[in-house]
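Here chain A shows up in two complexes: once beside chain B, once beside chain C.
Here is the complex of A and B:
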């Protein structure tokens, strides 16, 4: 029996269909679950998609993060079920404290991009490098492997006021993907680091590795036809999976255990 | 150099303030009875009196169709607590350049931007409640600074 992933939709999120499609294409079942009547316990895993929950009122992700749904979701995460947050979902997970999850409170935030040329929303393709320890989302990545992936956000700069947190995350292997150049060099400056994220963080996990918050959009780099260069030989080739699809495939394998 | 402040509010219902108030109520902050939000600007210049009338007419800051502006006043309404939230390290060079070069306001030397929350708090210690509300919802300690005015 296939595991079922709840794509948890809050008002203003707009990537739920792409996220559901990625889960299904990776061999899982998926349902879009509305925030106000989601029966979380019946699902095997959870995905918070991208968009603008509650129009990013006050700041990105914070209103959704205060929803009572997270009392249940934290329990499900504690039980080991996977929780993946993409873009706005990543911002929400950071505000809830589910990532980095060393302490119960929000230890980091997604600040407005620090981009020398474009203020506010910024949308482009970037490269990220797999650097983390093994978790529920990276079973099929080699250490140092580079992926093409799009970003689309205005508040994507991982930051923390907590002294020593970044060093601790590095040491724990909780930083799973970092922005890098074509050769894998982790350069802090724009455009390699498109938003000024601390330690070039593109994705961070909790210590157990079952919760992942990722700012780039793996569901938009899932099939070859989605790639910016679209070098396809035929329709079948268009549906060839891209490396980012392995994040979802890894989630599926994690749920088999 | 002197400082001139401008508060820009909405004439129409402010959905951000309404959502923030509803969220605070749900989080248990029943003592917060009213919440309003203003865009906060602080201009540094030699002669603020020359700017007072002009600032409220800058349409990139104040859209007359939906905004109103209060310029230059320090007076706060009795019974309300004010919370100023600013992003750390922001210089607003782009806005300053636009004001100086495109709109001809050369006398402005620097500009700071933030969000001003005006709260009616029914509690013996409204400042303490305002600080808690800032920590729990209205400001991120990771990249924002907060002053209770």
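Here is the complex of A and C:
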């Protein structure tokens, strides 16, 4: 039987349909679950999509992170079920402390982009490099592999007030993707690092590797037709799965075990 | 006519001067003779509420009182048209997929006046209204485009122009991004005719199954059905918005005009869209007959009266049941304010509880947005009267058809006296500098700093993003090979010189743009932005514009038939004029929607490989009137490009045929700045990261500079050498002889022995111009 992923929708989120489409195209079942009646326990995994949960009042993701739903989601995560947060979902996961998840409380936040070209919201294609240790999402990535992927956010700069946290994450292999240039060089300056994130972090996992928070949008780099300057031989080719789809395929494989 | 309890305004007992003073004091822009017509129409003196209702319904914005007779000239029918311009949006047949026929819903609106006064909110609510227009047809909203016109960023109003431009862009981003509607196309022009009146147009697309269309009218036999309003609590914001849109903007009234602009709430709209999609699902599943309409201009009054009037019914509404966020509002404000984020449903009483539950409980409107909810406010009546009660009193009791019929005017028009002449500019002293100056002109330069502030990819359907090609492309139904392309166009300076050709060229250019990615033009929409229609010279421009649109859409007909490409929706915006009488450049802004049967065939404008052949379609003519080159020399000129419709349509047929056979590597239309800009943009690509240059030569029998900078329509094509013969054959089959320009390759753009510019310099000029203008 296929595993079923709940795409958890909080008011203001807006990437739920394509997130569900990606889960299905990667060979899983998926349902959009409303925040106020989600029966979490019946699902095999969870996805928090992008958008503006509760208008991102106060700070991106923080209001949703206080929702009672997370009491049970934390239990499910503790039991090893996969939880993937994309963009606003990533911001929410950071605010809950599910990532980096070394301590029970929030250790990181997503600050406003530091971007000399466009201030505020910025939508563009970037490159990220896979650098993480094995987890639920990277079974099909080689170390150092580079992906094309879009970002679309105003607050994507991973920061932490905790001294030594970034070094610890590096050491633990919890930093899964980093912004890089075409040759894989991790350069801190714009445009390679599009938002000024500490240690060029694009995605970070919890120590167990079943929770992943990623700022770029793998569901928008999933099919070939979504990529920039592609050449497509026929419509079948347009629907070819691209490297970012492997995040979802890895989630599927993880759930088989 | 019907009785009322509210106090009557004794129009009949007043002198013309007294009526005029009364209207002005109450902020009613009706003319004295119009107020007297109301008395005649309803058979008694009106109440204040009734006066306000007619004020809105008879505004230019709501009644199209000056424009309607001319709009009949536009072709609006076609075998693929499911719904022409009659409801909130038009619908065109798109494709069959898995046994279902799908349509694309398209709407095109302006929010010019509000954006000039309060640019962030004005632009944001412009999107909000247009999105509602598409959603209320039962569609999923999938894309938008934003044609923008701002004043001169270096002129005497520079500071305000830059402020308005940046705030409009912020407003579009601040509203459209959270909603989750990607921006896939748009354009921006700056010139001083827009100093005191910016233009902010919006085009929105949606998709639905043909069988799932929801109409903006009460269903048959709906007597006794409930009238339900949903969304934000009504306040006094946007009161008089429709009437305001039909006034000349006076800088001195800026403060008082602010109140006529609505307050946007994209968060609430995001939730309302999803809740409404749930309602759609429910009514389809249970086959419930419903009517559904956006609440825009004229608020509750306009929305409810049109819903019932269009089906031959009347309505009885209790304004005390409207959920409000301000107390003691007079009845005409509750009825007519344009508070954003609201809709009206008409549904059978047996379904009402389910409808209320979806909004109020499932999506929890009551708790997530202060005061928002769904409320039953009245009933559909058999008697065709429109009854409004407030605090136990009847404040409006009039024939609903009289309210919605509007009024018509036959406006005078005459050609303007202004004559344009052609300047005598010699050859540029420094060709390379001239090219770089054109590339850095803010109307030509890369707009990446604008569109990267928009979400261009949300929903995951985007195939070609803004900037990468002449049109944006989407895959609206993943799993189905058909795609759509969208472009918006109108060159303001060409239209200034000649409103007819400005409009006709806008149709041609928008079609060229969708053809350049490989899509076949399917339908059009227009937003007609002009000055004061009461001035014969301004109205002449409007008349000429409509004629130009009509002629071009007819002449640039579908391949293989004589059927015109239809206009399926549109909008007219008059009074884009400053208090000193300065009108904007005539702007018949056209959007073209194209279809491509196999979206894997789409191409962008960026050069793909070195060693391919570059061809040009469309010979260069001495038509620099309104060009960027003249603009840089402080000239307007007179010789504007005039579309040769026969060769124009044949070029479009040939380009789409060649792309269909996968014979073109890249393609770019020739427009602003001329062929030199087309070549430079092909080298750079939308991201300005191109690395393949080109060597090109032009025959110098006529002056080279005129060839390079003339803005006559055409295409530049990149073709692999091995396919060159076949491409030439396709074009000559359509009667078009291609001109070979040269080959791709090398690190520069080389033209004859006059120009040799490294790619880095092209990039620097092209990527700096817009940012400099906005700084």
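Criterion: the second predicted complex is superposed on the first by the 257 of 257 C-alpha atoms of A that agree within 3 Å, B and C clash if a C-alpha of one lies under 4 Å from a C-alpha of the other, contacts with A are read in each partner's own complex, and residues count from 1 in each chain.
Rule of thumb we're sticking to: a residue touches a chain if its C-beta (ideal position, glycine included) is under 8 Å from a C-beta of that chain, and two chains touch if they have at least 3 such contacts.
The structure presented is a predicted model; accordingly, all values stated were derived computationally and were not measured.
Engineer: For A:11 in the superposed arrangement: first (chain B), second (chain C), both or neither?
Structural biologist: After superposition on chain A, A:11 lies in contact with chain C alone.
Engineer: Contact-wise, after the overlay, does A:111 reach chain B, chain C, both or neither (first, second, both, neither)?
Structural biologist: The answer is first: A:111 touches chain B but not chain C.
Engineer: Classify the contacts of A:235 with the two partner chains as first (chain B alone), second (chain C alone), both, or neither.
Structural biologist: second
Engineer: Touching A:160 in the superposition: chain B (first), chain C (second), both, neither?
Structural biologist: first
Engineer: Give one of first, second, both or neither to describe whether A:24 is in contact with chain B, with chain C, with both, or with none.
Structural biologist: neither
Engineer: Please indicate which partner A:150 is in contact with in the superposed arrangement: first for chain B, second for chain C, both, or neither.
Structural biologist: Second partner only.
Engineer: A:54 in the overlay: touching chain B, chain C, both, or neither? Say first, second, both or neither.
Structural biologist: In the superposition, A:54 touches chain B and chain C alike.
Engineer: In the superposed arrangement, does A:186 touch chain B (first), chain C (second), both or neither?
Structural biologist: neither
Engineer: More chain A residues touched by chain B or by chain C?
Structural biologist: Between chain B and chain C, C touches the greater number of residues in chain A.
Engineer: Taking the contacts chain A makes with chain B in one complex and with chain C in the other, which residues are shared?
Structural biologist: 54-55
Engineer: Mind pulling up the chain B residues that touch chain A in the complex?
Structural biologist: Per the touch definition, chain B meets chain A at residues 15-16, 19-20, 23, 26-27, 87, 94, 137-138, 140-143.
Engineer: Considering only the defined contacts, which chain A positions touch chain B in the complex?
Structural biologist: 54-55, 57-59, 62-63, 66, 68, 106, 108-109, 111-112, 119, 157, 159-162
Engineer: Chain A touches which residues of chain C in the complex?
Structural biologist: Per the stated touch rule, the residues are 170, 173, 177-180, 266-267, 270-271, 274, 362-364, 368, 449, 452-463, 465, 468, 475, 478-479, 481, 598-601, 604, 606, 608, 685, 687.
Engineer: State the interface residues of chain A toward chain C in the complex, per the touch definition above.
Structural biologist: Checking each residue of chain A against chain C gives 9, 11-15, 17-18, 21-22, 34, 36-37, 50-52, 54-55, 117-118, 120-125, 150, 152, 217, 219-220, 222-223, 225-226, 228-229, 231-235, 237-239.
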